[in-house]
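Look for chain A in each of the two complexes below; its partner is chain B in the first and chain C in the second.
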Partner chain A sequence: MTTAASTENTDQPAPGKNAARPPRVSALRRSWDKYWYAWAMVTPVAIVLAVLVLYPLGYGFYQSLTDANESNVSATIGAFHRPATYKFVGLDNYWHVLSGADSDFYPRLLWTVIWTVVGVSLMVGLGMGLAVLLNRKMRLRGLYRALLILPWAVPSFISVFAWRLMLNSQYGVFNEIITAFGLPAQDWLGTPLAQKVAVIMVNVWVGIPFNMVAILGGLQSIPKELYEASEMDGASPWQRFVNVTLPGLRPVTNTIILLGCIWTFNMFNIIYLLLGNNTSGDADILVTFAFRKAFTGVSDYAGAATYGIIILALLLAFSTFYRRNTLKSEQA
Partner chain B sequence: MRRGISIAAAVTVIALSATACGGSDDNSSSKPKAAKDISGTITYWDTSDAATEAPTYKALIKKFEAKYPKIKVNYQSVPFTDVEQKFKSAAKSGKGAPDVVRTDVGLIPEYASLGYIAPLDGTTALKDTSDFNTTPMNTTKYNGKTYGVPSVTDTLGLLYNKELLKKAGIDTPPTTWDEFIADSKTIKKKTGAYGTYLNPDSYFLLPLLYSNGADMADTSSKKITISDANAVTALTTAKKIQDEASMKVDFANAYQNMQTAFKNGKVAMLVQGPWSVSDDLTGKVFKGNEDNLGYAAVPAGAGGKAQAPTGGHDLTVYQGSKNLDASYLFSQFMTSTESQVTIATATGTLPTRKSAYTSEVTSNAKIAGFKPILEQTARPRVALPQVGSLFTPLAQNYVKILQGSESVKDGLDKTATEFQKLLPGYSIG
Partner chain C sequence: MTAATHENSSAAAAAPTAARRSDTAAPRKVRGREHRSLGSSIALHGTLIVATVIAAFPVLWILFISLGPKNAWQDPGQVLKNLSFHNYSDVLSHSDLPKWFLNTVIVAGGTTALGVFLAATAGYAVSRMRFPGSRQLMWTFLVTQMFPSIVLIVPLYLLMSELNLLDNYLGLILAYATTAVPFCAWMMKGYFDTIPKEIDEAGRVDGLTPFGTFWRLIVPLARPGLAVTAFYSFLTAWGEVAYATQFMQSDHYTLAVGIRTFAQDQRPDWAWTSATAIIITIPAALVFLLVQRSLVAGLTAGGTKS
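So, the complex of A and B:
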């Protein structure tokens, strides 16, 4: 076909302007001749991405359009064979979830948003405060930095279990301390509200070091001259913070807020491990909820996949919107 | 002229090769080999407590290998809490699945319905079923076939601190839930200790449901029964126990806290199973004073009958095992009378064979304590593949009822609605 196309072109009488444009196919070939090494280098990555990302994603999306679960997908185990009996149901699962018919989605979504917004604000705010503190000259600065990075260095399941022990209402250290002062013991993980406060607190504790280190790096990249100049102009420390430090940090904070939102939205282990099994389920975010769908009893593949795709869509929409806005403000 | 744009559609077809075919199995089941001729390597997943029980199982495996030198057993310890996920994902993919796995009796209908475990009727594994006690034997059945060999059994009973009850002037442990609450009040008044610590877990709710004539669902009439009047009575009693008889419940740490409180003598009575006894005996009120621990059946409810779920473990064989004959033989060896006596004397767990209750075994206080309870009150759970999934919504609404954010009736109605999502074809009633 390619030869036919090229002869067809050369056989034609030159129609003036069009003759100057090289035929498309030979342009492609020339581009291949010139850039084949680039294609060759990209191919392994493209294949790996296809296998590790696109295939599971596509398969997950496909499952969300069916009513597949562990008991109706095909299986061949030794002498046992079960043919696939699941059906294609189109957008039924999405409709079921988004119309509120399953009565689980919207309460979970609301709480997930609150959990993300509160958690990220606290992480970035406290991280910034600590970074500003540590950016000053002081004694034992290295020690403080090391101590503040500690929560990051400890595997998160260990810190979560440590918090669970400390928050134990009957044998935890917090109640030991406050009852020693004559105050009544608190049920730190008892009610849904207390559980929500507790999971946010632990998540912030685990998340601060990353934010602090990133902001500390950003602080050190702000030119000293800017501070000197604003000091000469008579700016107060607060004015310097608002007008020099904050704008100077914007590239860093924009990135860590975006990352923080994505990570917190999908933060699984803290909620799952801190609260254990005897909870009312009110502190479950979308991800932990989808996990329970997929991994308790007979797995609901379609339901869990639907939640996965919805979570992905929400995060994609958020990232696009956020990036567009921050780019605008950075350019302004 | 207009030329069609050729679209190069790069379609990547990833064929996940499910090449684990069992066609090359040379052990045809129609012509069983003599036990001595069976050879091969089998993997066994053990879920017994890695510190206290596993050494006994390992020693038994040594004996098995000595008796059948052509078979090698690859022992792997898998924590009880992880085994369901681990086994299911391995069984599904066929990669890394064990040949024999120790399975909680509650999981048998699920594994069997999904085709993960092999039916054992007529195999070496189940040569003589008459010797097994009926209650544990019943847990191995699904749709008329037998999928497990009962290995150990248990049930929930009432464990109590004899000294505390005596101090409160109570001679015999309570036999009804009303008595249980009344005695708890007396204990609190006379000794300062609490009557009980309510475990807000749905499994521990079963004695209350059963003894009030309620259950999660009824398979014969295809009805969800968790919101009927009997269940309302049961949950109302549970709430009353929490409010009037129990130490304040820490929901996130309930199990550990209940054990600690009982071991320290802050709590007088617990609904618990035999697995907790070794732990209980390390507490300061029982250490060196083992007679202080009393055993009784769970109290009875309005229906007048005390009932508790049968627990325990069965040995199950993976359907895709390459060495089925060796797996059957291994399951049979590990559940033989001799092996059960060894396990029972060493770990204090209850055997499933009648012949394994030798005088040596019954002289163990734990076994002697739980044996009559088991005979008196144990009954199987409803045999639904989804039973594992049902416990989650029940537990969540149970917690809400106990915390007062839902009324008993509302909580149970919501549970029934959740059950209906998981049980297609079932009606609420």
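So, the complex of A and C:
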């Protein structure tokens, strides 16, 4: 069979890249025969990533080293073409941001971290709670499940509009509900602290279903025998949860925590659409702040690019660190 | 056992009661997982009912408001007295909503086609073959998830303006591919991993070329996974705001941008906004509920097996 496959392969034109690479281990021989078409199959995706992701990323990085803004980039207005006049300024933008000279970065970073940590903990925690509850035989289980997934089925910008309507300080139903429970009414979309609570709340509401359903899937993949064995040993439900469920869920929770942190750190829709343009900016995270830098007033392309690269660097450092640690704990 | 739990049922507020109770009953046989007392049943269903109400309420509320008169959002009491689909017929006949809808369908359709094609080929290659660069490619997919759209949006904006792709369907489709493709490839890899490799081998024995194996054997088997990928790409395009806001002019607005012209910061028109929101939600939510089971399987498989 192997020979049949390999003779067939030699009929096909093999890309030079593969032919040039010496086989490392003879056990890899069979997959070696398949390299050429593996490469052929990833070529489209590689082109798209290169043109639409890597090139703009490199371009963005270059821009962060310049003083480009709306008034000095090249532009075509009607028949008139204006050449670019921005100049290279080296690491000035980074120094300006990281030294704290622009006085926006550190407050925005602090709030972004709080927003991410609080949001992801609540999403994963509540998602896990609901998943554990749903993971048993009971009446109406399908109905509960369908309704609990509803926030995920709604496009997020629609959810945000629903919440904006509900959180309206004057006519919103949300204040009426919480005052009925004895809590004080707030100007949810007006004052800085209330805005922050509101955006976290909406983000958690939007994010729970994904976490819940992913954990539910993880729960169902834990072998029943483990529970039976621990029951035989006289473990209490809480002990079973800590010693069987949590370790069994680790592959899923590791993934969703990492994804949740990245998504939340970069969450644009909720803050931008919930608060609109007439906010003081206190609830802006790094991403929405950078967006406003790029597209309001005189667009500060270099400044926005600098923020973008810093955000990316922060997330890369975090993910590398996180994956290294989770790999270690999985192997242990 | 039931007697012991009844005493606690008044204190039963949430799930952990089940755990606490068994502490008091420690010497006796531990409660089995499949048995449930009345008290914990009430706690379980109570918690789930509260959670479902919180989950469903905002959606039902916007539906409720959309069925009322023009100023119903200021006075929700009026809605029940004046139930009508007036806002819907209004927004469909007196606004650009149909045009935005068509624009969104075109862009989302294009994103879907491109996303599925790219994700399927790349996902299959990464799933089946350990080739030089496969690890790096998977890593790139993950890293791309970390790109805040802002890193790309300015350079992409300038790039597209040079290529005359601003205010153009293709430009927006390509922009969405940057988010949809890596994630979809990640999901497809997880799905292909669940298809036994023996099928590929059987195909090769029967004399199929590698592409023949992929196209004739694996693609049909992977149809559920492809459907999920398709839907994910579609949803990405359906609900994206930042690129659409900056790249498109009023003739090519998508729904996500168009609805903002009703829900302006200063004077939102909630009658039209709520009706539009429901019109946008219903098709998306229906398809979502059809595929959500496999969507989750795909998501977690991709994540846990990498």
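Here is the rule we use: the second predicted complex is superposed on the first by the 274 of 332 C-alpha atoms of A that agree within 3 Å, B and C clash if a C-alpha of one lies under 4 Å from a C-alpha of the other, contacts with A are read in each partner's own complex, and residues count from 1 in each chain.
Here, contacts are C-beta pairs under 8 Å (C-beta built on N, C-alpha and C of every residue); 3 or more make two chains touch, one makes a residue touch a chain.
Not measured: the values here are computed from a predicted model.
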item	value
Which of chain B and chain C A:Tyr55 touches, first, second, both or neither	both
Residue contacts with chain A in the superposition, chain B compared against chain C	C
Contacts of A:Arg82 with chain B and chain C, given as first, second, both or neither	first
Partner chain(s) touched by A:Glu70 [first = chain B, second = chain C, both, neither]	first
First, second, both or neither for A:Thr326, with chain B first and chain C second	neither
Partner chain(s) touched by A:Gly276 [first = chain B, second = chain C, both, neither]	both
Partner chain in contact with A:Arg164 - chain B first, chain C second, else both or neither	both
Chain B versus chain C as contact partner of A:Glu231, first or second or both or neither	second
First (chain B), second (chain C), both or neither touched by A:Val298	first
Chain C-contacting residues of chain A that also contact chain B	1, 5, 55, 164, 168, 170-171, 276-278, 295
Touching residues (chain side chain C, partner chain A) in the complex	14-16, 18-20, 22-23, 26, 30-34, 36, 41, 44-45, 47-48, 51-52, 54-56, 58-59, 61-62, 65, 73-76, 117-119, 121-122, 124-126, 128-134, 137, 140, 142-156, 158-159, 174-175, 177-178, 181-182, 185, 201, 204-205, 207, 209-211, 214, 235, 238-239, 241-242, 246, 256, 259-260, 263, 265-266, 268, 270, 273-274, 277, 280-281, 284-285, 288-289, 292, 296-297, 299-300, 303-304
Residues on chain B engaged by chain A in the complex (per definition of touch)	3, 6, 12, 14, 18, 21-22, 85, 88, 91-92, 94, 110, 113-116, 118, 200-201, 247-248, 250-254, 256-257, 260-261, 318-321, 324, 385-390, 392, 395-397, 399-400, 403, 405, 421-422
Chain A residues touching chain C - in the complex, by the definition given at the top	1, 4-5, 8-9, 12, 18, 21, 28, 31, 34-35, 37-39, 41-42, 44-46, 48-49, 52-53, 55-57, 59-60, 63, 73, 129-130, 132-134, 136-138, 140, 143-144, 146-159, 161-166, 168, 170-171, 173, 205, 208-210, 213-214, 216-218, 227, 231, 234-238, 240-241, 251-252, 255-256, 259, 262-263, 265-266, 268-269, 272-273, 276-278, 286-287, 290-291, 294-295, 301, 304-305, 307-309, 311-312, 315-316, 319
Residue numbers on chain A that touch chain B, as the complex places them	1, 5, 47, 50-51, 55, 70-71, 75-80, 82, 102, 164, 167-171, 187, 189-192, 195, 274-281, 292, 295-299
